[in-house]
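Below are structures written as structure tokens.
Shared chain: chain A. Partners: chain B in the first complex, chain C in the second.
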Partner chain A sequence: MKLAIVDYGMGNLHSLVGALDYVSNIDVLVSSNIKDLRQADKLILPGVGHFLSAMACIKDLGLDAVLKELVIEEKTPILGICLGMQLLTDSSDEGGYSDGLGFINGRATRFNSNELPVPHVGYNQVNAAVNSRLYDGFGPSPDFYFTHSHQLQSDCSIGQSTCHYGNDFIASFEYENIAGVQFHPELSQTNGLKLLKNFVELF
Partner chain B sequence: MALAKRIIPCLDVENGRVVKGVQFVDIRDAGDPVEVAKRYDEQGADEITFLDITATHEGRDTMVHTVERMASQVFIPLTVGGGIRTCDDIRTMLNAGADKVSINSAAVFNPEFVKEAADRFGSQCIVVAIDAKKVSKAGEENRWEIFTHGGRKSTGIDAIEWAQKMVALGAGEILLTSMDQDGVKNGYDLEVTRAISEAVNVPIIASGGVGNLDHLVEGCIEGKADAVLAASIFHFNEYSIPQAKAHMREHGIEVRL
Partner chain C sequence: MLRNRLIFSLIYSDGFFMQSRNFRLQRVGDINWLEKNYRFHEIAFSLDELIILNASRTGKDITEFSKIVSRLACKVFLPITAGGGIRQIGDAEQLFNSGADKLSLNTVLYSDPVLVDSIAKKYGQQSIVAIVDYKIEGDTPVVYIDNGTQKLNITLLEYIKNIENMGAGEVVLNSIDKDGTGFGYDLDIIERYKSHINVPLVVSGGAGNEHHLAVGLNVNGVSAVSTANLFNFIGNGLPNARSYLIKNGFNLADWRK
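And then the complex of A and B:
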């Protein structure tokens, strides 16, 4: 089994590779090479940074078309993490309006809060959806490490689990072969490792 | 529940070794920052901060390897500070596996660096460290200024205005060290912590002066900090992270258990 972490030049991937090696025997590859991605049994779309520039990088590398082919047509399981999760959806207003990959109904907007600090940084609890594969074996409200200024909302039922910070927002979704988490499992200690294991084993 | 307040142990690292000493009863080599970080991780620390006090180029390379080892073994966020002066420095640390960098004097010498860094890497990984010291005399209105060179050199810059400027330029968090308190174990300077927490809309990490667990509680409640950083109370087994969390929870503070 091969898992490819899609490298489009945004952010630190060491913890993610380390965490995956720690929880499973899956071959982990970090690559932006289209051939490598085609050979992968599972994909992870990571990301920190700006939505707008991330989308630009993805398009420059020609990854938008490949991801569409792999994820939508071939149903390869994919997990988007943080910005990577938002990129799987329709749009964001980060750095100006930008279209996302559009695989999942959703849009990211900046937290609108005068009361609470933004970014939302630290461990917060997720109200895990019932029958979730991501949270298989978890209690009802595990905590994970978040760091983000934009929050995801959706009009559809996409298997969402929510978190509360000023308002409820989507902490994760799982729809058929497509999953996304707003938090960083690779930085969320035991809970995060367990969630990554669930993705590797149950998707 | 709400967002949990974070407890962040801080390690001073020189040439890839922890200095100032860290004592864990059952760790033989307490000088390896990764071993120490692992122990804190097992105890339930929410993040780790490495402060690189290395002066040499070779020492810096060692730090990069330390960060790499840390990232493959410890799965909580790691902030690296000390000597971060350019976007290349940031890139090097992030590539090695740091999740955030903390910028201190480089921000004072060139505030635009913070903007450049935040634009390039995202605010979520840019922590600006502020060393503040009270300059007003008793009876005067409170005023704190930014100090550099370990608290020896005043810049004349007002600490609250500076924090606001750093946030406007893209700082994602402020690591506030009260220089009057650092190392003296009388607790955080709650006035400046609260003043800055109320003046900006990003998370504040309180630092400097923790001597007992009540200080952590005060930092969160009176200082309104979002996270509390401490070094020596944890290093010498005076208190453990679980004890600290239990104490904070007893005082009604949300923590991750």
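And then the complex of A and C:
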């Protein structure tokens, strides 16, 4: 089995590759090459940085069309991480309004910084959805490491699990073959390793 | 509930990890020593975050430092902040490509706001950890940069405002007077300044045992406590400190054993 981490030039991918190697035997490839992505059995869309510039990079590389083909038409399982999760949804107001890939109903807006320090940084407890594949084998409120200034909300039922920081926001979703986590499993110690293993084995 | 964090800071200089006391550095051991005597890759599972600082006084070689970061980042699954000597965007890029998740910035916060802004724009505000070193002179905190050698003619309050506007995602208040003493954190300054800081606050300088960590975590508004004391937390020091804090009801994350 092959897993491709979609590389669009943002942030540190070492920990993610290291974490996947640690928990499974899946072949991990970091690539922005369309041919590589087409050969993958599973995809991960990582991401650190600005929504607007990330979307621009994705479009420049022609990845928006190929992701749509693979994820929507061919139903290849995908996990979006942090910004990568937000990119799977409709839009964000980070750096000005920007459309996302639009695979999942949702929009990201900035946390209200009048009340709490922003960014939201540190481990926080996730209220894990019942029958979730991502949290299979976990207790009800596992800790994961978050670092973000924008939070996701959705009008639809997308298999969301929530987290609380000032208000409830979407910590993860899983809808058919599409999953996303706002936190960084690759930086969340053994909890994150287990979640990545669940994605590899259960999606 | 958002958890507080326990952070370990490693101070590196020219091939060695150092014990710092009031910013005077003493060699302790190289990376092999750290892996063997600290069983680094095991104790990393007892930490919330790791900070690796290049404190070399003789020119900070980013490429050589990146190799150290890369070796430490291998097979640990926690956020790593690295910094010391970042002077251009290429330095930032090199550290990110070596396994850093965030960058610690100090001197450039004063000398090169444009660089700080470009890092924030490219990698996001959450990737910038601003380290604020200060000394008490009279009864006023005075900000220092450049390994604590250059005094700034600006109040701590103004400085904090400036660096937040520049895009700092977290602020580390580091007391040079308390650094490496093991006498406990500078609670007076933390209490006086915490409400003026609008991003997560990390306190640093002075922790010598788990009680000091506990006292720091008990301050409302403190997001994380950091220790760089290699001597006082040797062996199982850090895992024991973490168990002690969790056993005593402190709000730290828990993960599968």
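Heads up, the rule we're going with is that the second predicted complex is superposed on the first by the 203 of 203 C-alpha atoms of A that agree within 3 Å, B and C clash if a C-alpha of one lies under 4 Å from a C-alpha of the other, contacts with A are read in each partner's own complex, and residues count from 1 in each chain.
Basically, a residue touches a chain if its C-beta (ideal position, glycine included) is under 8 Å from a C-beta of that chain, and two chains touch if they have at least 3 such contacts.
On a predicted model such as this, the values are computed, not experimentally measured, just so you know.
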Message = Both complexes share chain A, so when I overlay them there, do chain B and chain C fit or clash?
response = clash
Query = Which holds for A:194: it touches chain B only (first), chain C only (second), both, or neither?
reply = second
Ask   = Looking at the overlay, what does A:121 touch: chain B (first), chain C (second), both, or neither?
value = both
Ask   = A:17 contacts which: chain B (first), chain C (second), both, neither?
value = first
Message = For A:42, using the defined touch cut-off, is the partner it touches chain B, chain C, both, or neither? Pick first, second, both or neither.
response = neither
Inquiry  = One more residue to check, A:107. First (chain B), second (chain C), both or neither?
reply    = neither
Task = Go through the superposed model and pick first if A:143 touches only chain B, second if only chain C, both, or neither.
result = both
Query = Which chain A residues come up in both lists, the one for chain B and the one for chain C?
reply = 11-12, 14-15, 18-19, 22, 48-50, 113, 117-125, 143, 145, 147-149, 164-165, 184, 186-189, 192-193
Query = In the complex of these two chains, what residues of chain A are touching chain C?
reply = 10-12, 14-15, 18-19, 22, 48-50, 53, 83, 113, 117-125, 142-143, 145, 147-149, 164-165, 184, 186-194
Ask   = Which bits of chain A are touching chain B when the two form their complex?
value = 11-12, 14-15, 17-19, 21-22, 48-50, 113-114, 117-125, 141, 143, 145, 147-149, 164-165, 184, 186-189, 192-193
Note = Listed in rising order, the residues of chain B that touch chain A in the complex are 1-6, 41, 46, 68, 71-73, 75-77, 94-99, 121-125, 172-173, 200-204, 226-227, 256
Request  = In the complex, go through chain C and note every residue touching chain A.
outcome  = 1-5, 45, 48, 70, 73-75, 77-80, 96-102, 121-127, 169-170, 197-201, 223-224, 252-257
